[in-house]
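One structure is given below, encoded as structure tokens.
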Amino acid sequence: MADHASHGTAHEAHGEHTHHPNYVKIWAILLALLVVSVAGPFVGIKAVTLITAFGVAIVKAYLVVKNFMHIDVAARLVTYLVLTMLLFMLLFFAGTAPDVMESHGSNWTKPSWVAGTAHPEAPADGHGQEEEH
Amino acid sequence: MSAAASRPIATGRSATGMPTGRLAVWWVIASEIVIFGGLLGSYVMHRLAHDAFAQQAAHTNTWIGAFNTFVLLTSSLSAVLAHKAAEEGNGTKAARFLYYTMAGGVVFIVVKAFEWTSEIQHGFTISSNTFWSFYYTAAGIHAGHVIAGVVIMGIVAQAARKNLELQRVELIGLYWHFVDIVWIFLFPLLYIAK
Amino acid sequence: MIERWVPAISSYAADIDFIFDLIFWIVIAFWFLLVEGVFLWLILRFKKRAGVPAQYITGELASEKKWINYPHYLVLVCDVVILAVAIRVWYEVKQDVPPTDETVRIVGQQWAWSFVHAGADGRLDTPDDIRTVDDLHLQVGRTYEYKLESRDVLHSFSIPVFRLKQDAIPGRVVTGWFKPIKTGEHDIQCAEICGFGHALMPGRVLIETPEEHVAWITSHSPSGAGE
Amino acid sequence: MVVQHASPAHEHDAQHARQSWVRHYLLATDHKIICFQYMFTGMALAVVAGFFSYVFRMQMAFPGMNVPGWGLVTPAEYNMLVTNHGAIMIFWVAMPVLIAAFGNYLIPLMIGADDMVFPRVNRLSYQIFLLSVIILLVSFFVDGGGSAGAWTMYPPLMAKAQYSMTGTGSSVFLVAIALEFVAFLLGGINFVTTAMNARAPGMTYYDIPIVVWMIVIASILFMASVGPLIAGAVMMLFDQQLGTAFFDPDRGGDPILWQHLFWFFGHPEVYVVLLPAIGITAEIITVFSRKKLFAYKTVLNTAIGTGVLSFTVWAHHQFIAGIDPRMANIFTVTTLIISIPIAEMMFVYVATLYGGSITLATPMLWALGFIATFLIGGVTGIFLGASGADIYLHDTYFVLAHFHYTFFPIAIIGTYAGLTYWFPKMFGKQMNETLGKIHFWGTFIPFNCIFIPLFFTGMLGDHRRIFDYTYFPELSTPMLENLRAFATISLVVMLGFQLVFIYNFVTSLLWGEKAEKNPWHANTLEWTADSPPPHGNWAELPTVYRGPYEYSVPDRKDDFWPQNAKS
């Protein structure tokens, strides 16, 4: 039981004051990024759209988390917590996507996809009774 | 502080060095991340697998989405300004900024209501197809969070006006920024990637 | 050990029984009995006695920790052995489809199994296909590919004597294989809850000698007596 | 040192005395009262679920029998009973009793706080939980009957009323489950922040009793895993009621998606209820063997390791459910890896007994019974985690026996262990030891007699949830019928012995011998409060000087050393 003393060191529950950056400036950056993400699709290149849409979203989220939510002040634990949750979601995606996204698994097929009849607009004709392989 | 008098001693303790309220809100946010994560993860799987989603997404109105993003970003700004005012001990000012934030939330919901009405009139309902199911479900759950945030913010602002419970201004702000971030991801997912 | 009560009728049944036995010997016969034995011995050996105080052991010293660490390494080794065998069997049954002689379509619905046999020409989706409800006719020694479908909800196609089980999923065609090695008549079950009539899906698999099978095909060909 | 608000506890007492009975028991914010609310609600539902199990076991062993107390069991009723037995036992018995009740009671008392950090959120959590219970009970009586698509609620069966024939019941059931999740999210956040922030001065992370750690880790696991299922429940509800097609393959959805959403939660959920029970066991075996817990930090690390690993194994529930077979290999590996921390934890518990001075009091019997039976649940899991063997065993009674050998020790034996151990503290009375031991053996032996035969019926090919085996010639052999009947009779015997417990509980509560502050000579902080502790728990909140398991320290007069004793 060595480190009893280290426990209550110096942290004060209340009265710590957050460093306040220039919020209006950050807001202006966020709006500029918003313009970028809206403008992205007009370039017409898919890769550019993806970057302006999702790259910019990540940057925006980072700016909000860092400056508005002060995650850096809130102790490292919170950063780890949020990252862990995101990691779990990534894991969920990785485990689930092969089944939901693929039209062919190593021992199954989705006949309606293969035949091209089923997309979200038009109901497929149910089971693939007539499917030729 | 009549409410604080009956508060247990435990609430005032802080073995981690972080105020309990802030810690709790971060845990709330953590559990919300996985709720939205599960939903958006499922959406992304379908979106990537079905080209038809892109055709459907073309029917959404980017300008309305962009306007709502603007509204939420701006309301986040006033939420954080309220936090700053609360830390300076200025309850009146904090409450005023909170009211601006609430106004932002209300504008968001009203715009959303008009947008949905027009979409439903064009025949895109929640049961039209999987894209629209995800569209209404994700945006609907998000809108529910916005409404809850506005209501709670109203309660916090009432107290803040009387210089009471000022630490709550930061807490509701944290939640509001999280709701903002969810929208930051919903916007490209539902409106931009066509 | 399963084969003592449930006959092993498919070519891979013995492999699945083998892995069951392997795990049984490693995990139950060795680990479980060992740990329970030590556990009971400790309880009896260190029962409270007047004048004998308990010892103060933190478990943090390396000399103490080794007592849990060494068994622990052994667990790791056992895991690797079990994994190697399990994945090999899994690969053989579910992933690696050998060249097949014939294809049979199996369709689950609320609440019956229906089967489409290839018929006389040995090919599916030709006019001479034989459709049956609840009876699956197979010829012993042939390798079959199955195409498993569902018309409504999830079902699970299970033949215990084949050690075969596979869920049927609406919207998908699941493929797999089996090779019956003995003649006889056995149960087919549905192993995934599929509504009120879940118990009302008892199919039968009939494994016939080549002569019997040919006779059955001839007598049931659609051009002949019909279904 | 930590800033303490100097508001003396007797102020609370004065205020407390003014509260009326309703305020005291129904609208209480005191963590101990909320514990009782959760515990008694959970136990009431355990009676319901136990009765359900009696009815369907009777039908299974004696098909077509006119079950006393119920009547003839129709297939629809059978599915409803099976579904709700599972769901109630997990969501409305194991979780409220093990996490919510013990968590509420133990966390503030064991870390030396006067209450939870958010008492009113705590009350709200119970109220939402109670609402979910009421909605669940309503679901049995709506048109078409209660939900009957198994507790896993796989679509398309559950998603469409035309398949399940219990359209309303399924939706009401989903709402009840979603509300229950909300209640536990609120409760869990409270537990975690309380344990993190409200610890007594001097209590480091390594001075926290294991049971508190376990409840906290379990709450975190719950929080991190339940999100996708909450999203999934909303999607399923929309599928049922608004005509969406998230899980309908004909219209672009995918039924397998639900299975992933469900099991991503469902597997960590096993550990959510397991960890508190393991924690309770740690407290009891150290006290009754007068031993320091063997390798405290190892226990903690294995618990955290198990928790993290539990997020990587979920698809082993779906090996033959149509997932890609290549993915199954990955999940087999992760599943067997999880045996490593759990085995380590079991070794630690066995090692703790070494060199002890063991008293076989009732709580200790339960704790040892937990270890002995949970071990069976653990080792039989290997059969199912190994993908090759799972092809045969999946969805047979082998699976059922396996998870009852994990869940029964957790939810029933663990609860009885905790309840008999903390009964003196909770109610200020001692329980009758003789009746306690009769109850223990009367539960423990029949329990094994129920589920050992079911391992065999599973090996012989009995599949789960089948209402009547007489339709299957190979499942109607005399051997199988005898095994089923034996299991059912054992169940009836076991349920009968629970009356002993109820009798013991009530009589001890009313006329039991008065308990002293620390009847078991334990170290943890709750035993330094009065029995039962008053509102606010201590007149002066304790300060902690050492870890929780300093038993039989050499050169001390007493063989225990309370955490708050200065020397």
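Each chain carries a letter (A, B, C and D) given by its place in the written order, and its residues are counted from 1.
Keep in mind that, in the parts below, a residue touches a chain if its C-beta (ideal position, glycine included) is under 8 Å from a C-beta of that chain, and two chains touch if they have at least 3 such contacts.
Keep in mind that this is a model prediction, so the values were computed, not measured.
Across A-B and A-C, it is A-B that has more C-beta pairs touching.
For the pair chain A and chain B, the distance between C-alpha centroids works out to 16 Å. Separating the centre of chain A from that of chain C, both taken as means of CA atoms, is a distance of 39 Å.
Taking each chain's centre as the mean of its C-alpha atoms, chain C lies 31 Å from chain D.
Residue positions of chain C touching 2 or more other chains: 94-95, 169-172, 174. Across the assembly, chain A contributes residues 7-8, 12-14, 85, 88, 92, 96, 100, 102, 106-108, 110, 112, 119-120, 124, 126 that each touch 2 or more other chains. Of all residues in chain D, those touching 2 or more other chains are 2-3, 203, 224-225, 228, 249-252, 254, 256-257, 261, 264, 322, 325-326, listed in ascending order.
Arrangement of the chains shown, judged by which pairs touch: an irregular graph that fits none of the line, ring, star or complete shapes.
Chain pairs that touch one another, listed by label: A-B, A-C, A-D, B-D, C-D. Against chain C, in their complex, chain D makes its touches with residues 75-76, 79, 148-150, 154-157, 163-165, 249-250, 254-256, 289-298, 320-322, 325-326, 328-329, 332-333, 336-337, 339-340, 343-344, 346-348, 350-360, 368, 371-372, 375-376, 379, 382-383, 386-389, 391-396, 459-461, 463-469, 471-475, 479, 551-554, 559. By the touch criterion stated above, chain D contacts chain B in their complex at residues 2-5, 7, 9, 12, 15, 108, 113-119, 185, 188-190, 192-194, 196-199, 203, 223-232, 234-235, 238, 242-246, 251-254, 257, 261, 264, 536, 541.
If you check the complex, the residues on chain A that touch chain D are 1, 3-4, 6-8, 12-14, 84-85, 88, 91-92, 95-96, 98-100, 102, 105-108, 110, 112, 118-120, 123-124, 126. Interface residues of chain B facing chain A in the complex, by the touch rule stated above, are 12-19, 22-23, 26-27, 29-30, 33-34, 37-38, 41-42, 44-46, 48-53, 55-56, 62, 66, 69-70, 73-74, 76-77, 79-81, 83-84, 87, 129-131, 167, 173-174, 177-178, 180-181, 184-185, 187-188, 192-194. Contact residues on chain A toward chain C in their complex (touch as defined above): 106-112, 124, 126-133.
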